[in-house]
Each structure stands twice: as structure tokens, then as C-alpha cells.
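So, here's a batch of structures to check.
Each of the next two complexes has chain A plus one more chain, namely chain B in the first and chain C in the second.
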Partner chain A sequence: MSTDITIDPAHTTAVAQPGLLRSAMKLWRTRIGVALVVLLVGVAIVGPWVAPYGPAEFVGTANLRNVEGAWLGTDYFGQDVWSRFLHGGRSILFLASVATLIGFFFGAAIGLVAAYNRGRIDDALMRFMDIILAFPQLLLALVALTTVGPQSWLIIAIVAFTTIPRIARITRGAAVPVVERDFIGAAEALGESRLRIITRELLPNVTGPLLVEANLRLTYSIGIIAGLGFLGFATERNAADWGLMVQENRVALSVQPWGTVLPAVAIALLTIGTGLISDGLARTVAGIDRGRPDA
Partner chain B sequence: MKEQHDLWLPAGIGRRQLLLGAGTATVLVACGSDDSSSGATTPTTGATTAETTGATTADTTGATTAETTATTVAAAGQKGGTLRVGVVGSTNDLMDGQYIVARADQARMVTGWEPIANYDDDFNIAFNNSLAEEIEAKAPDLFVVRLKQGIEFHNAKTVGAEDLIYSFNRLIDPALGIAPALSEFLDANSFKALDDRTVEISLLKPSVAFLNGMADYGANIVPVDYARFDGDPTTQIGTGAFKLKSFTPGSESVHVRHENYWGTSFLDEVQIIDFSDQSALVNALTSGDIDVAIDIPYAQAGAIESNGDLVLLESAAGNWQTITMRVDVAPFDDVRVRQAMRLIVNREEMVQRVLSGHGRIGNDMYGVLDGSYPKDFAQREQDIDTAKQLLKDAGQENLEIELFAPDDTAGLPEYATAFAEQAKAAGINVTATVLDGGTYWGAEYTQRAFATSYWSTRPYLNQVAQGALPTATYPETHWPPAGSNFEDLYNQAIAEVDQEKRYAIIREMQQMEYDDGGNIIAYFQNLIDGHAASVQGAVSRPNLLNFDHFGRGWKNIWLEQ
Partner chain C sequence: MGILKLILRRLMLGVATLLVVSVAVFLLTNVLGDPVKRMLGRGALPEVVAARRAELGLDRPLVTRYFEWLKGLLTGDFGTSYANGSPVWDLLEDRVNNSLFLMAVASAISVPLSLFIGAYTALRRDKWFDRIMSNQLLVLAAMPEFVVGALLTVLLATNVWHLVPAVSRIRPGEPPWSDLDGLVLPVLTLVLAVTPHVGRTMRAAMIDVLESDYVEMARLKGLPERKVLWRHAFPNALGPTLQVIALNIAYLAGGVVIVESLFNFRGIGIALRDAIPEANAPVVQFIAMFIALIYVISNLLADVATILVTPRLRTRLQ
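Moving on to the complex of A and B:
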């Protein structure tokens, strides 16, 4: 993060993010996290094309481990567990990523505006964020989904909505000290617009904490969306969805564990992966482990 | 199981209310047909013959069979021990000699009370596990019930005619609401005690199937002044093999041996323990905390089978699940659409998908344990090409329709989902919509054009009265279609005392439903229970209730010491 006084926005934006990521990748935890995420994202993207059966295709008697042509057996509904697994990652990754991105965009914008303007706007925005934060994330999602019904757009909206205040508070917290710096005053003295100052001067100087928080939020979003699937709020009945798979097959856990274990492990590895990336970024931003590339 | 008790509910009572609140009382009436060979006493050719044949048959079949069975089991069984039975229950559990709500109530009711008649393994009327010595049908509206001699209640009082009359009056007592629809056939003046153990019953209108009702497991005899459990276990007096020692709803009940029981029993004590869900129930069985688990989820049957210390008891039952099409509204008012839908179903796949293989395929007909069941009707199989042609002929080749299912009945959401999958092959778009149980069984129940439902087994005519008449309590398919003579045939059948003639009429009715009906019955479900290998006496056979009719009130069950 640059602390030099500068009036050259191009300079500040050019150096911050690539340096951070490059530094973070020197840590083993970040590399492992990236490897896990790449692996599971790869499964989610490529899986449907290599799956031997369709996600809802009947293969054999339900809940059997030994079924010809289905090497991990059948699930609660006579479908191939392996094929369902390969099909089941897209929805959770898509929903979690889009929700986090939306939450990130609006949360960062609110945090930066609040930090830059301070005063009444800051108070109003942050109190509003506090109100949103007061709602338990999962409970709010359950109420909305029960009322409207499980829709993709609603899951994205709820997760994004509850992500916004968390991002906003972190952004504001990181941006307030930056606003006090001289280079912001210099930009104002040069007559730059508020929008330009916020986006070109302020934002690049809080990228580190924002990336850490965004990764952390992505981890939570995956957990929440998987949890909603487990609770039966999948967008489509019998949809191939890792969270839903855990719920559907848990009754037969002792008979046919793959239907539950495989998606549960995938969700766990995905969240661990994003969590490790967050941790690596956070350590890099904070300067922890600096000089210990093997940490 | 719940709707097994709905026979007497008035049409105004919702199915949900029924499921949760109706009593035992499927009892008597309206229908059934299975008064055949070994069945007791319904006359075959008229009143005179009936009296002779009936009495003789009942005497022989009932008493002799009972004695033989008891002796056989007694020779094999070992006395003593406490049986721990697990069943899913809740604080809503109750104890009443004639009324149940849930499966846990069933398990408890059969310990303390016994019906007037029972079904044998062939689903014929028998008396070996019940209190009547004979039931004589003098006419379709006049029956004489004679009780076995010397049977004692738990309080040592001898069962008499006054108890039988009280039991019937309790069933039709509007204040208790156990079997309100029974009052259509009986009132307080219907009973006349002929001697201390014989009662003459005059029906308000004829029903040849009165016997079937008396063989229901809820048609139990309770002593005069009996009342539902209200905290004092000493008030729960019946004739069953075990009498109540303690009962805590939602927790457990303890039943001890009835020393003066008229039959044979082995156990010293039966504990019926509540579990909050089926997973916990199975875990308790596998860990040895209970000896018997009632109603194992299909998904976990394999876990029981693969455990050498446990035994899976699977019984072919007549329970069925159905996709219902309203024959009076579009698109199903066109018989070609109904026929196409029936041809879309891959029945074997349904059994494997929905029941994990624990069932057998259906043929869109019900009453599978009834002697009149049309086994010779051609088995309907998936035929997508014909289905497509029928839909095209009906102008419905691009049909888009919602198929509803409740979330509180295992199997129905899966049935709807599997049907929606199979329907894609016919080029139509069926969307399976699962609603919460309260909504599903509420005001819209029986009003939806395309829905799912489930039923316990009952004789054909009995089932017709429940769901296939304009006056049916649950007209899910709104059968019969306008202009049909189906109802006339029903009225003829229910008053026809000659079985052969009655079956001929029934067959005509069945043919109409087979060809044009609104039910898609893809399968019949098996009953599945698990028990420790040391538990003996339960037999896998077609049955109405779980665990071999709960070991006939647990009296057949013994523990290997």
C-alpha cells in the first residue's frame, strides 16, 4: 500500500494490486488455497462435459454402492453420485461469486463515500449498515426464501445484501486514514472531481484490505449458499447442487456415504481454499511472514 | 397409515385434520368385500344359508386356527424378558383403546386392546386374534356378534355384551369424534343384547362389508365407562396381552404382562420408546439401545441387512401412492390425456427410485389385498410412442402442467419428481411443485387437477367409498365422469350378498377405472422394520400394520435368552 504523497493517480493504481498478489503467492498457504480453488472451479466448469450421466438420469436402485457403470454408486434417487458431483459445483460457485461481487461493489462504494465525505453522510451510511448487520445473515435468507420461494436471484440478492455492510465497514475503516493524507488534499487542490479522487486516489490505497475481506466474504457466501441448499432451499427440485446433495443423501450415510461425503468434502475444500487465500493476502497486507516465503 | 382411520370422517373435515386427528375407526362399514371362504359369516346365497354356513365357518376358522397358532408359537417361544421397541413419536402421542393419530399410538393401542374380528394371512375375516367367536350376517343390514367365552379385561372383569355395545356407542359418540361417519350406519338403537355375550346389530342401511370394518385394528372392545388416558395408567383397561404400567407422551410407555390373558404371550414387559426421527431410531437399533425399530427408512434398509446382529423384517403391504388426475377438468377431462399419462410411467424405475426397490409395481388399480383385485388385467407398461400419439390426438402434445406434492409424506415428492423426469420423453413439461404439508392438505386438497396422494390398503368397495364416488370423503380424481353408471354399480355391489355376483359387479367397476380412471398407481410400498436377531416370533407376510401387526399386540414375540 502506497503512503507517498502523489498527484499521479496512474502511479498509485499501477503498483498496488499486482505487488500484493505476487507477494501473497510466495506463501505456501496462498499457493495451496489457489490450488484448491483452481481444482474445484475446474471441476465445476469442466465436470458437466465429462460426467458419464446426466444429473437427473436414472442409473439403478437408489442408495447402492455397487452399481455397474456408476463407480461411486447411486444416490437417494437412483442417480449416479459421481455425475451429480461433477454437475453440482457450478451453481454454488456461480451464486457465491456473483453475490460476493455485488456485495463487494456496493460495499466498497458505500465505505469509500462514507470515508471521504465523513460528517452526516458518513453517519447515515454507517448507521444504515449497522441496521443491516443486525439481521442474522442466514435467518434473513431463510425468511426471504420461505416467503418468496427459492429463486437464484433472491439467493444472490440476500447474500449480496448482507455482504454489503461488512465490506463497507472494512473499506471505511481502511479509507479514513488515507483520506487524511496529503496526496488527497493535493488532488482536491488540483480540482479533481470527487468521483475521480475516490476511484483513482482512495480506492487503490485500500485494495489490500478489500481483497482480503472480499475473499473472506466469498468463503462465507459459499458456506451460506451450501447451507441453504442443505436446508432444502435449492433453486430447482432434484438439482445437482453440492449443498442439496448433502441433504438428500444424509439419511443413507451409513449405507452409501459417497452421496454425502463427496459434496461435503468439495464444499469444505472450497471454503478452505478461499480461506487460505484470504489468510495469505491478509498476512501480506499486514506484513506478517515477510521474508519467510515458506510460511 | 393415518388415512386408514378416515372412513367415518364427514366430507367437511380436511384430510390433514383427518390425518392428524381422526380415530381408529376405520371400522366397519361401507365397504370391503372380502367375506370369502375362510371369512366368517357373510352369507353366500342368502340369509338362511348364511346363518348355517356363517356360524360353522366362523367357529371352525376362528377358534381352531387360533388354538393351533398359539400352540405352535408357544412350543417355540421362551418366556420372560423385556422387549424395547423404538418408534418415531412426539408429545402429541396419546393412548386410547379405539383411537390413534400416529404410528406410535398404533404400537401402543395393540398392546392393550383387541378388535372384534381380524384378517388372516389371505386377508379374509378370521377370529384367531380377536374377541368374537363368530359374526353371523343374517342380512346385509343385520348382524349378530357372539363373543368368545370367559375373556377377561385387565381388571379381571369378564367381557360381556354390555361392553360390546358400549364400545360401538363410543365409536359413534359425536363428542369424542372417533368415527363420526359411522353414525350413517349405526345409532344408539342399533344394538340389542341377546344374552351376556351376544349382540344383534341392525344397520340403518345395508352394507355387506360390515365385517371388514369389524376387522379393523381400531374396532376394539373397551369396558363400560372406559375413557382415554388422562394421566392414570390404571384406567387403561383392555383385553390385550399387556396392560399399561406407565405412559409419558413423547418419551415412553411401559406395558406388563396380562396374567389372565385368554391367549398366549411370552414377554414380561414391553417398553415402547419414542424417537424424534427415523435416523435416531435406526442408530438406537444398531447400537443395541432398542430391540425393535418400527418403520425403517428405505434408504437405511441396507444398513440393517448388512448388520449380522440385526434382521430386516419386510412385509408386502397394500399401501399405495398415486398421482391423481381430475377427470372433470382440463386437460384430464379428455380420457386420452389420462391414458397417455399412465403410459408415460416406467413403473419398475419408480420402485427402484422412490422405494429403493422395497415395493412392487402397480397397475393403476387399488385394493391389492382384496380377493376381488383384478390380477388378470394386463400389466400397464411404459409406452412413450402411444402416449405421444394420444397427447397429439388430444391436442396436448406440448402440454405444460404443474404436479403438486406435499413435503410431509415420504415418497410423494420423489414420485412427482420422477414422473416429471419421465414425462420429458413424451415431450411434455411437467413441473413438480412441492408444498408444505399444511398448505397441501388444506383447502386446495382434492381441487388440484394434477396432484399426488397416498392411501393404506383397504378392500375395493371400501376404497371406492373413500375416493371414487361423488359422495366420497376425498374425491381426489373426481371420479366417476359425468354420465357414468359407476355409482349405480357401487350401490348394487354393496347390497349384493352373493360374493360371485358381487365380484362380477366389482370387476365391471374396476374395468372402468382401469381403462379411464384418474389414478396413476405405479407401485405398492412394503412395510420395513428392523429388530435384533434375538427377537423372535415376527413373520414376514402381507399385513396392515408394521412388524407383523406389531406381533399381534406383541403376544407372538419372544426373546431368545
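Moving on to the complex of A and C:
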């Protein structure tokens, strides 16, 4: 509901160089980001295989810092903190990546179609997107969980659905100036199909801003899904989940900090990693340092 | 186009948004799943389910129920809790106040703070303050609130220092300012969640404005730098930032769910969290609509404020 007087966030419309990722890797922030993400994704994927105990295996008295065979102690239920940590990243990463990917696909498609067609289709699509934006993502997820409970498909669907308008806006913003350019007119004159113009002419020219936004959305998807886990809505009962672990163990924070600190730091490093990658990409795409108008 | 007409148009758009949101909230809490089945569990006998459904009035047609609910929202009758039959408003009244207070304090601190940080880092662009702040904000912006809050608890309330209580202790019926110590961590977490976004937007807008012709012009006219900044640059940079502030106030309304749960703050956020496992749809619907209303109002105010604050738009409307 803010189209008339919004000063368009008008992201950069720089034409993406083929080596965008490679140029971004020249920045230290991107390198650190990639290192953090690789580390945490590695823990999440390999973790369950190397964990000394199962995710819900009882190993001793609850909330102990020094236990034989559990080097970081036990959690609120007497389970091994280290093992639960190693098991707890997979579901968050899986749900967040799938949801972001789906949202990215539809968001980019809607943004490109709106930018290419303009006029009524554009107006209608973007109005609808604004209405979805009226709701904080986490809140919509919570409302949807009310009658169904924390099911994986539902969490993926809601996070993907709420990611769409955010990606669509950025895509449209980046694509509108491209549509005005001569080569689009040339392609139309040559009689290329709409689909071809959108996918072959328009899309390659907005990949920069799109990649930045997709990365940023991934950061937020991880935050929301971890946040749902923290609120007690992890997809499986008794499963290890970094978000849920923070909730479970925070009461015993002063006697056994590891149960809270370890998963909290893991989520922090993971999101900082993806955030740094977004920033590195953004700087590379823009060529200048402008920060990002965003919410 | 007069300014009043524009405000009226915005207002109507806001009402339309609320209507669409109300349909979405109602459908999500009624059609997506069955609250009664979720409440009674899978093993419940069909007769029991049917009886409970009739008792709650859920056996009537969906459309009738929607309009009844909508009428209730407009007339201040927000329905009764599925869990214990008491009116939703009685259950939530003091929680609404507590949450509003929390949000108001967090906004009152974070908005000026982030505007200042944004403007100052733009002025000191690429100097050490800007570099450090930009990286700090980037890191903060990436982390989910509950992680920030949990780490703050470790740092300030339990393991490292014992400066403030780790949980809020507002008792039912007491005003939210009865426990100011317990307010520190929730407010701090929300401020840290919102400041990076607004700060970065302000910085970008300020940089744009500082490079603009009219700031150049003002400087060439020989106006003192302070006047150039506050009379010419700041208001123009505020325009685009206001929209982001509005979005972030709506975001705060969502963020309170996390922050309240983390610090056991007696507000609507915890009420929402607790209503979900009970499939307590009326409570969820009320809180969702309340937060949507906050979004619409803050957006409306931002739109009006943008016009008032941006000289170019102001003159165009006269």
C-alpha cells in the first residue's frame, strides 16, 4: 500500500557479469561468509553420523556440566548436548532451503512478468504482493499452524509463500529499467516469444540483484524456521532442533549454559554467514557501497 | 490532488488491506485444518467431535460465521476462548496493554537511535565509525531475535554479568511499568532487531541526498554546514526511511511473539504461542487482526509523514 509516494528502492540494475560469484569472492566478507556457511552446513549434514549418541538418547542426570562420556554435559532431559547439537541442524537447513527455493522461483517469475507486461497485470500482481507483505512472516506461519500443527509441508508452504512478494518486488524493480532498453525492443521486433524474452533476455540481466535478495531471504527463512522451533513448533516431537534446544535449556542457563549457547551460536554463525554472502554479492553487483533499503 | 484526498485514499486502502487479511486469517484458522479435531485429538469419537462443534457454533456455514466474526470485530465483541469460554477481550486486555507498552518503548528508543546512526554514518562515510557500525549492523541484522536475546541473557543476566533479571515479572492486573528491570532485556532485544534495518536505510538515503544537486546548491550558497544538514539533507533522507520504519514497527509486532516467549513477558505474544497448541482459534484470530491493524496504522502514518517531511511532495500537493 505504498506505491504512490514510495521512492522506489531502485536497486542497481547493473548488468550481471558472468563472474559475479568469482568477483564477490574477492571480498573478505564473502569469503568469511562462505566459510561460516560451509562449516555450519557441514555440521548439519555430517553431524548425525558422527554424533556419539542418538538425538533422544538418555545419558545421565539432567542439566549437568560434567558427565562421563558427554563432554559438553547433559540437557534439560539428561540427553547429550553435543549429540543433540550435531543432530539439530538438518531439519532447519532443509526446510529453509526448500522454502526459499520455491519462493525464489515463483517470486522471480511474478516479478519478471509484472515488469514485462506493466499496466494492469503489473498493478494487480503488485497490489496482491503488498497485501501479503502486510503480515510479518512469522505471524502468518503461526496463524496457519493453529489448526494443523507444525507439519513440514505447511511450514515450507508458508515460508515460501511469504518469500514470494519480497523476491517479486526486487525482481520487478530491477527488471523495469531493463525492459525499456533497446535489446528488448529488438527481440520483440525479431518476433521472439514472450517466454523467451522473459527467460533469455530479461532474466540474465537481473541475476545480480536477484541473487542478493535470494541470499537475504534464505537468511530470514532460517531465522523464521529456527524461531518456530524456538517457540516449540519444531516439525518432529523429541527431535533435536537448534531452535527448540534454546527453548528447552534456557531455564538452566546459569548452571548448564552449553545447551543454550551452542545451538544459539550455531544459528547466529549460520545466519551471519549467509548475511555476509548477501552483502558481498550486493557490493559486487552495485560496485558501490550503498547499504540496502530493506525490511 | 489535495492532501486530504490522498489521506482518504490511503485510509480506504488500509481498510481494504484489513478486509483481505481478515478473510485470510479466518480461512487459515477454519479451513486449513479442523480446530475441534486438533483440540480433541485423533482418537475422539465422531459424536463427541460433532457435539463440541455444535457447542462452539462451528456447525454453521462458513460464510455466516465469517460475517458474524467480522461484525464482532467491528463492534468490539471478539468472541470467546475455545479453551475456557471466557471472552477473548477479558483474557487479553492487560496483555494488549503490556505488549503495546513494550513496542512503544522499543520504538521510542530504536527510531531516533537508528536515524542518528544512519545519518551519522553517512556523514562519516568510510571513516572508522561508519565501517565498524556498518559491519555491526550487518551482523545484527542477520541474527534471529531469539538468538540475540538468548546471547544477551548469557551476557547480561546469567553467566557473565548479573546486571538485569533474565525474566520479566509483571503480575496479572499490574501495569507493564511495574517491573522496569524486567523490561530491559526485551526492549534491548527488540531495539537490536529493528535498528540495523532502519539505520542502513537511513544511511543509504542520506548518502543519496548528500550527493544531490540541492545539497550542493545549498553549500554553494554558503549556508552553514549544520543548516545544510538539518534543513536540507535530513528531511529529504527521512522520506524513504519512514516507509521502512513503518514496516519495522509492524515487524516489531511480530517480533514480540519471540521476545515475550524468551523473557516470559506477559503480553499477546505469549498468549498467541500458548493458543496454538490448544487450537484456540478466536484468540489467534484476535491477535492476528490486532497486529495487522498496527501495520495498517503505522503505514498510514508513515505515508502522511512522508508527504509532510519531503519538500518536493509537499509542494506538489499544494
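Simple rule for what comes next: the second predicted complex is superposed on the first by the 270 of 295 C-alpha atoms of A that agree within 3 Å, B and C clash if a C-alpha of one lies under 4 Å from a C-alpha of the other, contacts with A are read in each partner's own complex, and residues count from 1 in each chain.
Keep this in mind: a contact is a pair of C-beta atoms (placed from the backbone, for glycine too) under 8 Å apart; a residue touches a chain by one contact, two chains touch by 3 or more.
Computed from a predicted model, the values in this text were never measured in an experiment.
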Q. For A:T274, is the partner it touches chain B (first), chain C (second), both, or none of the two (neither)?
A. second
Q: Using the touch criterion from the header, give the chain among chain B and chain C with more contacted residues in chain A.
A: C
Q. Touching A:S254 in the superposition: chain B (first), chain C (second), both, neither?
A. both
(Q) Tell me the contact category for A:A134 with respect to chain B and chain C: first, second, both or neither. (A) second
**Q.** Which superposed partner A:R120 touches (first chain B, second chain C, both, neither)
**A.** neither
Q.
Contacts for A:L142 in the overlay, against chain B (first) and chain C (second): which applies, first, second, both or neither?
A. second
**Q.** Intersection of chain A interface sets (partners chain B, chain C)
**A.** 254
**Q.** Of all residues in chain C, those that touch chain A in their complex
**A.** 6, 10, 13-14, 17, 20-21, 24-25, 28-30, 32-35, 38, 126, 134, 138-139, 141-148, 150-151, 153-154, 158-159, 166, 197, 200-201, 203-205, 207, 239-240, 243-244, 247-248, 250-251, 253-255, 257-258, 261-262, 272-273, 275-277, 279-281, 284-285, 288, 291-292, 295-296, 299, 302-303, 306-307, 310, 313
Q | chain A to chain B touching residues, read off their complex | A | 56, 58, 60-64, 76-78, 237-238, 251-252, 254-256
Q.
Help me check something: in the complex, which residues belonging to chain A touch chain C?
A. 1-2, 4-7, 9, 29, 130-131, 133-140, 142-149, 154, 219, 222-224, 226-227, 230-233, 243, 246-247, 250, 253-254, 257, 260-261, 264-265, 267-268, 271-272, 274-276, 279, 289-295
Q | In the complex with chain A, residue positions of chain B that touch it | A | 278-279, 282, 286, 297-303, 306, 349, 352-354, 356-357, 413-414, 417-418, 421, 432, 434
